[in-house]
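Each of the next two complexes has chain A plus one other chain: chain B in the first, chain C in the second.
Showing the complex of A and B:
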């Protein structure tokens, strides 16, 4: 428990606590000769108590005025959740519909729009997760670190409503997403959620680097592939074996590469907005390993409690005042 | 015990008054004050010329982009709680938004990390067409209630051809905001990096285009040496210039600002940014509730102390 003060200088007011110690704050009744009175421990105790009431009342008020608060605390909890990095494709084609057309007015949804809507829902469903956001096009864009600030994550997802950028460079995007887990304790599930509508060839250098990174970071990978109608899918084997190469079918080869990583990996081919829902549901269902996390308890204001305490003391003092002997 | 003698005792009255006044605290007295809140979207130029090291910090040369990042991170601390900050980057001929405005106090760590991660390597393409970038940014923010803060050094690459000047009149005065000029007045070399991000000296004259070779020249063809309308619209001379060096093109940015209805300010130190941003024109009226219970508690304390004075 850490106490803090908003205005520490107000504590100088604690000097006022000396007042009740040196003065009684009651009417002095004339008495012929005090020395004649026998020492009375009970009276002395009561007198001390009354002074104490005064000290406590002044102290409570001063503390309240100084703005006492409990500092923000972190409470360690164990829950179910994950560290999720959303890696979003910002390439041009994301602005098209699932049918591969530019969306027109008749309620057609672009792939980016569908993805955005579902990701926003997904974020709301995951209570205890830390979620980070990265984007990639020709180069990776760091957007948000792993955070529990849901408003910030929504703000980042909403920003993808704007027109997309250039090309698809998935390997750089993946390396950036994996970097999010550097210097993070391994607890709960670690997920990279790749949302893209296409793939690109990964060059051998970065392929080797990615293999190593995935192994070290113990990450599971979910790939939501927003497939455009009539484009080659992840699982399709071309009729002509000459077409079976990474250049002609980058999606299939990226899928094979992910499979060969020996990490938990699942791919979803979403041809309609409904299929994307499936992936989100699966993550909700599967990725709920116990997670150590720190819940932030925001700073608590104590001044009202100080005032309440002082008010009780004042009430007692008033009661004492009513009992005062009057000549 | 009778009440009457107490009524003649001023201490009784002081005590009763103190208790009464203090009890007002439990009704949570508040005064509301007008507060100026801001909803800013920072768009930062991340083209290569922003790597030019013509700022100084602690006697060390500092790149323009680094300086902008520092200034922004300090500015975050100065904005009043309840203000919102969004972030985007500009390169090539357009800008992109990383996130929509986030509240600065609750989202401080996130915004700060995102600003710290800004890097010239985020660029998705290499040109630096600032006028187009500004146009795309203004179109992007047109219908949003956000104040644009556009950081740039005004160095277009390739240099703009006045003949193909972009018309910004369609977006003029649609968005409030400020263009913040970044950089020094002296020409400075631009650091060059290789594909792995290792520094490789500076750009040399032969590395960069010294004129735009799109379309036709803005000069009278008779004045162009070796002009040929089809084969050499820019003449036969090799273009020369100092485009491999960079300085703040202030007049160009001022002109862009005037054409788009934005203000222009220059980033000289971190305070200059605060002055540029926290101005009345960009403030959105917000009401801040201020707890005023201290007034009651303070009065109660004085009354209580008065009991002991005499």
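Showing the complex of A and C:
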């Protein structure tokens, strides 16, 4: 309980709480001799109760005026989940359907749309995960750091509804995604979920850097490859050996590179939205290691509750006032 | 003179000791109606009252004079407790009742030809309200008017000093108070007044107990101390309060009787018939 106050000086008003202790606020009927009145425990109890009500009412009002709130808190929790960085491809081609056309007819869905829908569902399923979002196109875009705030994650995913950008620069995107894990404790699984529909050549320099980064960060990689119809797949070996190079088949070579990293890696070739679903389900099933994390509870305004409490007390006091007898 | 301030007849249980002739049977001998004894002319040189028959029958041949009992006057005092608790206004204003009482007692005393005085006390004796024994009705009326507006102060210890203002000889003292004082203090007061013929008038008001509401929250403030107390009134508590007053009633009666005086409880405002009845009862 970390109680904070907007206007701490208003707490001086708490001194007013002493008022009901000294005076009850009832009409004082003059009486010649109190000593003759027999002692009555019930009356004493009721009198004490009324005083207490008065103190609580004034206290509640004062706290409300002082703007009491609960400070942002971190609660340590242990759950099952993972740190997931979603690395989304924002290249032009993502705005096309799986058939490689711009979505025009009813019922057709662009790859970005399908990815968005499924990722949103995925986020809903993962209760305790910390999820970050990064995007890449020509250069990487930092969208959302690792957070448990589901609303922010949904918003970040939905933001990909904006028209896509230009090209595909996987290596920069990957190194940015790996940077998300900097200065994070190693707890639970660490996942980079790469959602793309194409690949690009990774130059040797960044290849070496990525190798090192993957090793250091102990990250598992899931690649959801949204394959457009008739484009070369990840596992396809070209008929013509001359075509078997990184320039001609970047996807295949990226896949090979990931395999050579010696990290937990799985690639999914999704040609339809259903296959994408399969990939998401797999992650859902596999990556549930115990996770030690801090849940943040945001600042909560208590003044409304204070006022409500004071109002209840005042209503009770009003009832008491109505109970007052007149001689 | 209103109905409240009618005079009443009073008499004293014992013969009065007083030099001045008046209306009450006294111990003085002199000009009176009641034959008391024979005395020699030498002892009582009043030739008008020579009893010839008794003189002839006297073996020593002395002249015998009839000696009559002389009626004497008595000093009547109203000793009033004007503490803050007497400022209570229930069905009747207690200070007003005291003023009525003063007028009525003064009227009765003046009818008898007795001197009447008034002493008021709170923490001490109120010297500005003190009237020495006299026969001046105008001053008494002025004082009675002033009593009704008098601001009351707490404390009743002045009653203990009141005997200094009373005459040394036996007087008729009406002691009016609500007697809401601890019993030892009451005993001390009565002890100091034991020389006099004290008539305790207990001034209560029905609003103090039986006129309380049956149900509800009721805050009472003590007139003497200013302390407040909250009561949750209900029939059972009300019964308890009435019982407490009944108990106090018998306690007071007991204490006053121990000092040889019967208290008169005045709970419905002052009526002179009540006092007249009281004196008739006492004589009988």
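Keep this in mind: the second predicted complex is superposed on the first by the 231 of 327 C-alpha atoms of A that agree within 3 Å, B and C clash if a C-alpha of one lies under 4 Å from a C-alpha of the other, contacts with A are read in each partner's own complex, and residues count from 1 in each chain.
In this section, a residue touches a chain if its C-beta (ideal position, glycine included) is under 8 Å from a C-beta of that chain, and two chains touch if they have at least 3 such contacts.
Predicted model only: the values in this text are computed from it and were never measured.
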Original post:
By residue count, is chain A touched more by chain B or by chain C?
Top reply: B
**OP:** Give one of first, second, both or neither to describe whether A:47 is in contact with chain B, with chain C, with both, or with none.
**Re:** second
**OP:** Tell me which partner A:65 touches in the superposition: chain B (first), chain C (second), both or neither.
**Re:** first
**OP:** Examine A:151 and indicate which partner it touches, taking first as chain B and second as chain C; both and neither are also allowed.
**Re:** first
Original post:
Looking at the overlay, what does A:171 touch: chain B (first), chain C (second), both, or neither?
Top reply: neither
Original post:
Once the shared chain is lined up, is A:38 touching chain B (first), chain C (second), both, or neither of them?
Top reply: second
Original post:
Is A:324 in contact with chain B, with chain C, with both, or with neither (first, second, both, neither)?
Top reply: both
**OP:** Return first, second, both or neither, reflecting whether A:29 touches chain B, chain C, both chains, or no partner chain.
**Re:** second
**OP:** Could you tell me which stretches of chain A are touched by chain B in one complex and by chain C in the other?
**Re:** 23-24, 26-27, 323-324, 326
**OP:** Please give the residue numbers of chain C that touch chain A in the complex, ascending.
**Re:** 85-89, 178, 180, 207-208, 211-213, 215-225, 227-233, 237, 240-241, 243-245, 248
Original post:
Of all residues in chain B, which touch chain A in the complex?
Top reply: 1, 3, 5-6, 9, 11-12, 15-16, 18-19, 22-23, 25-26, 86, 88-89, 94, 96-103, 106-107, 109-111, 113-114, 117, 119, 121-125, 140, 293-294, 297-298, 300-301, 304-305, 307-309
**OP:** Flag every residue of chain A that touches chain C in the complex, lowest number first.
**Re:** 23-24, 26-38, 40, 42-43, 46-47, 50, 320, 323-327
Original post:
Which residues of chain A touch chain B in their complex?
Top reply: 13, 16, 19-20, 22-27, 54, 57-58, 61-62, 64-65, 67, 90, 133, 135, 137-145, 147, 149, 151-152, 155-156, 158-159, 162-163, 165-167, 303-304, 307-308, 310-311, 314-315, 317-318, 321-324, 326
